[in-house]
Every structure is written in structure tokens, then in C-alpha cells.
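Heads up, the next two complexes both have chain A, just with different partners, chain B and then chain C.
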Partner chain A sequence: MDPCEIEFIGEKSQIGIVPNFNFDPIHLISGSVGPFRAGLPVHIPLWLAVHLRRQRKCRIVPPQWMDVDTLEEIKEEEKRSKFFTKMPSDNYMVEAQLIFGCAAEDIPRCDEIRTIIKDIFDIRESKLRTSVDAFIKGEGTYAKLDNLTLLEMHAIRPILPHALDHISRYQRVASATQRDMSSLGLNTSNLSSSYHSQSRI
Partner chain B sequence: MEQNVREEDLELSDDEELITAQKVLENLENAWLNEKFAPELLPQQTEMLELMLGQVAHMEENIKELDKNDFRSIAHRMELERIRYIIASYLRCRLEKIETFTKLILQEEESRADEEKRMSVEETKFATEYHENMENYFKTVALQYMPTLQRSDADQRIVRPNMMSHVFVKAKETVPAVVVGVEDEEVDLVAGSQHIIPYQLISDLVLKGSVQLI
Partner chain C sequence: MGSRSYFPSYYSVDDIFVTQEKISCQVSSRLLKMGFLDPGCETDHLEPGKIVKLPLWYVKELKINNPYLIIQIPELYKNVHNAICEAESTNIDLGKMNMQYYEYGRYLASFDRNHSLGRILYETCRQRVRHLLTISKNTVDEIKSENKMDSIERGLYEAGIRTNTLYTNWLQQKNSKIRPSELVQEHSKKRKRFTLSDDEMSSSLQSTKRSM
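Presenting the complex of A and B:
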């Protein structure tokens, strides 16, 4: 999937804005938004918020997790934990990217937040690489990927499933050869290494 | 005016069940992602597509009456673009599969009962014609110049998807004791959990809708 499609999916998340205009509710197919009252916060989909912000018709209210202290805590937790911790939002990278792109001045301590989010992403990514490495070496065919966000999954999308497909193809061929050989009464002990293990990424 | 634009409850044709436009869109989005990641062709969501296309046409009719710079019109048009993208991407993805696995899909389709058909009427027409054209083309360009022995190996030319290819899934509901390995290891898929697993082992769960490909 293209990165822009991941962004497309991320744009569906809701975000708070403070509009500077008045408008009645709009009944979109994906649900109603509004009413918009100048100065009163309202929740709308991110794609609409980005549009309104570019038109200077609103101010974006940063999501609750977009705060230096909260993010520092998440970062520490991520460092401590062996597994992936639960992120405050399934699309945290996409949301951060889009909000910083159009409304950096609406976010207090924006630069610091940007750095921490990038740090968290880097920690998670290196964790992901290590576990993928271990997973492939362990010859597993199945793994649990709890708390991994869509973007992170797609960072390993082309390589991991592809590599696993190849490995399982070799294993199938190996066991087929093994069957053929044993039916011929040949010694196969040195070929019997196609075991499967379960591991957790 | 606003009354007309209001999201309505739609009626499903056969079982008289009420479903909101919002739910239809959600179903379509899920079908789109499933189709994108599944190696095989999944059943077409004809009903959902029809409902959504109707809704889109209805909405387009309504915003025509609005001023182009009206905020309502802008918001609606942006949303329609997004929906149209999903529908187009969904259908394009299916066509791609039909073009790659034409022969196999046509064969499988033939063995299915009417209510289990995976292609819409239009898709079936496309697949049949595409297949005929390809066969004719091969015949005129190469096959007729070949020894008779090699002409009859059409069955060997069938392209099959790798059903054991690995996919990412998210469980929508808890599914107990799913076989996850070649050696019959079992795992309970807890609602909301995510996994990487060979497609074939969970293909029935995808069809049932208990898991979502991501």
C-alpha cells in the first residue's frame, strides 16, 4: 500500500478544532459534523480540519497526547518495555505529520514534540527490525503484532511477508523432496529440519 | 435543502434490514482493504457498492443546487472525492486480480452456486471476454505454429495465487483455537489483536468477517 493511502486512512481520525465562523451542522455520508460556533471547540475528521486550517477558518486543538510530558512518558515506557507499547493513537505519525504540516503554530512547544515523536518512532522501528530478524531466524510462520500501528506495519510490508513466503516455499519443497526420497527408501535424516516455531514480534 | 442532504437510512433489498449510509461506507472501506491484501478474489460487495453509488449520485444532485463556494458544498465534494477513490481503487484492484488469474477465477466461478458467485455480472463479462481475447491472441501469434503436442497444455498455463502468502490481520471479534502453523499449533485470536499469518489459514475468517486484513 502506498504511503499516501496510509495517510488517507489516517485522515479519517477525529480532531478538535476551534472554528472562527458560524455554520449549521453538515450531514456527511460518513456522519454529521458541526454545528460550528465561532470560538467553541468541535470535533471533525482530520481531512476537513486540514482544509479549514489552510483556509485560516479554524485553529487546531492538539490531541491530548500531543504534549511534551505525556510523550516523554510514552518514550520512557517504550524504552523499558520489551514489547511494543500501546500508542495513544493508531495513526500517531500520520496525525503528527499532517498537523505539523498545516498548523505548527497551533501546537505549543511544537519542535520538542516533533523530536520526541520521531524518537518514539525510531525506538519502535529498531525494536521492529530486531524482532523481525529474530523471527526470520527462528523460522516461524506466525507472529502476534499487537500495538503495531499501520504505518509501522507497512514499513516492513514488502520485505517481511515476502521473505516468509519464500521460506515457506523452500520448506514445502524440502518436505516434498523428503517424502519422495523416503518413498524410495533413502536415508533422509539430514534433511529433516523443517520445523516451525511460534514467536512473538 | 438541508433536509435532502441529510443522511438517510437505506434499505437493503433482500432482507429489509435498515442500514445507515455511514455503515455502508465502513463496510466498503473494509472490503477495499481486504481485497487489496488477499491473494485471491473475494466476493464482490455488489449490494454495498450499489447503495453507496446511489448515495453518491443523490448527494451530487443535491450539491448542484448549492453555490460552489458554499462551505457545505466544499465539504460534501471533498468527501465524495474520498468515497470515489475508495470505490475506484476497490474495483481496479479486483480487475487486476481478474486479469492475472483469469482462467482460474472463471473455472472456480463455474463451480460455484449462483448465490456464492464472487464476480458481478459485469466482471464475469469482462473476464470471459478477456480470456477469449488472450486465447485468440496466443493462437494467432504463436500456438498455431507449434507442434500439436504443446497446443493442448492450456491447463498448465493457469496462473494461481499463492494462498499461503503471509498477510497482516486484525481480529474483529475473538476467535478461539485458530490453527496458525503447519503443525497444527492453535492460538486464540483475541478481539483487536493483530497477527501475521499465512492467508489460507484464516481465509474462511476473512469471508465471515471476523478478521480484517490490514
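Presenting the complex of A and C:
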């Protein structure tokens, strides 16, 4: 999956806007949007919000989590925890990227928020990398990665499963040859024990 | 390597390449009328003690304790190299040793009388993959020719770099267009080819008719 496709999925999430025009509800396959009343906030899909914002027809209300204090808290939590913490949104990177791309002036302290979100992503990415490394090193059979978002999975997507496929193939070869050896070993020990019992008799 | 991971099968070209490799085998009993296998042999029969080179696709079907041939593990997987693999596997030049180091070794593992080959392949792969994950994460530019990998590792490395490039491009919003997926592109290419070949067929048919 490409980042573009992940962005496409992320664009389906709802976001609040304050329109500056009046319009009837728009009926789409995924559901109806609107009605739009000037000055009254309304929730619409992100792709439509970006589109309207580009035409200067609305102001974007940042999501609740897009706030310096909340994000700082999440970042601290992420640093403290050994596991991945739950993110406020499944597509936080995509949402941040799109909103900052078109409506940076609608968000208070936009630059700080941008830095914190990037920090959080980097922390999670390095955590993912160390846990993958530990997983391969420790001969584990399974790993549990909760609360991982799509974009983070994308970072390791074709390479890790493929690499694990290869590793498991050679592991099977190794264990097969090892089994041969252990069976041989068993045989010799059986022989020696029978020899012992005979000698005792 | 496309979106699927590599698995050897009857139809896989890589697997055919691997099984083309010649392996020296020592003849352990007199093989009648088999002298043609060894170009330097003057008699019709293969005498015990002779060494012939046979392709892997034949050898791999043999049992380890077959009465005719003793399979000799190539130098590549012998002690000296194995010692290096155990010590520092990320530094060795697998590509120079054999482009299909892992797959070749995988077939030979069952013929290894020390029973260490399988284990060494597995350990080497594990260590090198960890290294590979790190380096593919940190390079965005084109693949350099001198990196020391075998074909399987190269495939993984390319996949890793591709992911990384896509991600950085997305962050910098370099390509905002969504292109059709590889599967769809392949399909449309195939369809074009088919229609082309149909046209050629019909035109050639017409010309033959005319000549008749």
C-alpha cells in the first residue's frame, strides 16, 4: 500500500468546519453532508473540508487532540510506555499532514504541533524498529503490536513479512537437519545403553 | 520480486538458476555406460573414485546414503567460510561468493554430513536481515552496486528502499496524484499486447490469403 492510498483512507475521517456560505445537504454514496449554514459548525469528511478550504469557503476547526498540551501528554506517555499507546486518531499523521498543508493559519501554534506530531511518529517508529530487531534476534514465534496506525505499518510493510518468510524457511531447513542429527544421536545413545545393559548382564 | 514474497516453485526462474549449479560428486560404485557424464573419461563406464560434476536439479533428488554417488559440499559452505559467518556475517560479500547463497545452501543442507549448514544459513540470514532492515531504512538514493548481497537480500533491500522513498515523497508532497496499482497496470499492458498480437495475426493471415 502506498502512502497515497493511506492518505485516501485517512481522508474519510470526519472533521469540523465553519462554512461561510449557505447550501443544501449534498447526498453522496457514503452518506449525506450538510446542510451548510454560514457561521454554524458542521462535520464533514476531510477530503471535502480540504477542498472547501482551498476555495476559501470555510474555516477548519482543528480536532480536539490537535492541541499542544494534549499532544505533549501523549508524547510523554509514548516515551514512558514500553508498548504502543493508543493514538487519538487512527490516521493522525495523514490528518495533520493534510490540515497543515491547506489550513495552517486555522490552527493555533501550528508549528509547535507539527513538531510534536513528528516527534511522536519518530518515537513510535524507533520503538517499532527496536522491537522488530529484538523479535528477530530473540527467535520469538509471534509478536503483538497493538495500536499501530496504517502509516506506521507501511514503514515496514513489504520488507519485514518477506524477510520473516525467508528466515522461517531457513529455520525449517535448520531444524530438519538438526532433527536428523538428534535422531542419530538418539540411536547411538540407545546402542550404548543396550551395550551397557548387556555388559551388566 | 514483486509484491509477493519469493517462494521457490517449479516455474520460478530464480529456482531454475539455482538448480543449474554444478556440484561435484564422487562415484562410489561402478556405473555402467555412464562415462559420457565425465568429458575427460575415456572408458564407457564410470569407475569408483571418479569425480563428476552434476547439476543440482538431479542431485537434489538423490538420497544422502544412495549407493552410487557421494555428494561433496562446495568449498563455499566449508569450515573457513562458516567461521567467518559465525563471527561477523554482516561484513561478508555474499554476492561474490554466490548470487544465490541461501537457496543453494538450502538444497545442499540435507547432504551436509556435519549437520551444521542449515543452522549456519539460518543464523546468517537472521543477522544479515537485521542489518538489512537498518540500512534500507537509512538510504533513499539509488542502490549502489558494491553492496554485498545475494539475490534474495537484494530483493528485500530494494523493497525497503522503495517504501522509504515513497514515504519521504509523500511527506514532501512530491506526488499528489494517485496512480493505478501495479496489478492494474500489468493487466492493461497485457491487454494491449493481446490486441496487438491479434492485429498482427489477422494481417499475416490476409497476406497469406493474398499470396494464395
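By definition in this document, the second predicted complex is superposed on the first by the 173 of 201 C-alpha atoms of A that agree within 3 Å, B and C clash if a C-alpha of one lies under 4 Å from a C-alpha of the other, contacts with A are read in each partner's own complex, and residues count from 1 in each chain.
Please note the rule applied: a residue touches a chain if its C-beta (ideal position, glycine included) is under 8 Å from a C-beta of that chain, and two chains touch if they have at least 3 such contacts.
Predicted, not measured: the structure shown is a model, and the values here were computed from it.
In the superposition on chain A, A:31 makes contact with chain B only, while chain C stays out of contact range. Shared-chain residue A:97: touches chain C; no touch with chain B. With both structures placed on the common chain, the touch criterion links A:105 to neither chain B nor chain C.
In the superposition on chain A, no contact is made by A:69 with either chain B or chain C. Once the two complexes are laid over each other on the shared chain, residue contacts for A:176 go to chain C alone; chain B is not touched.
Looking at the shared chain after the overlay, A:145 reaches chain B, while chain C stays out of its contact range. In the superposed pair of complexes, A:8 makes contact with chain B and with chain C alike. After overlaying the two complexes on the shared chain, residue contacts for A:160 are found with chain B and with chain C alike. Residue overlap on chain A between the chain B contacts of one complex and the chain C contacts of the other covers 5, 8, 157, 160-161, 165, 171. Interface of chain B with chain A (complex): residues 2, 5-7, 21-22, 25, 36, 52, 55-56, 59, 71-72, 74-76, 78-79, 82-83, 85, 89, 162, 164-168, 180-183, 185, 187, 193-198, 214.
Residues 1, 3, 5-7, 102, 106, 109-110, 112, 115, 117-119, 121-122, 125-126, 129-130, 132-134, 136-137, 152, 155-156, 159-160, 162-164, 166-167, 169-171, 173, 175-179 of chain C touch chain A in their complex.
Those residues of chain A lying in contact with chain B across their complex are 1, 5, 8, 21, 23-24, 26-33, 47-48, 51, 141-148, 150, 153, 157, 160-161, 164-165, 168, 171-172, 195-196, 198, 201.
Across the complex, chain C is touched by residues 2-5, 7-8, 97, 101, 129, 132-133, 136-137, 151, 154-163, 165-167, 169-171, 173-178, 180-181 of chain A.
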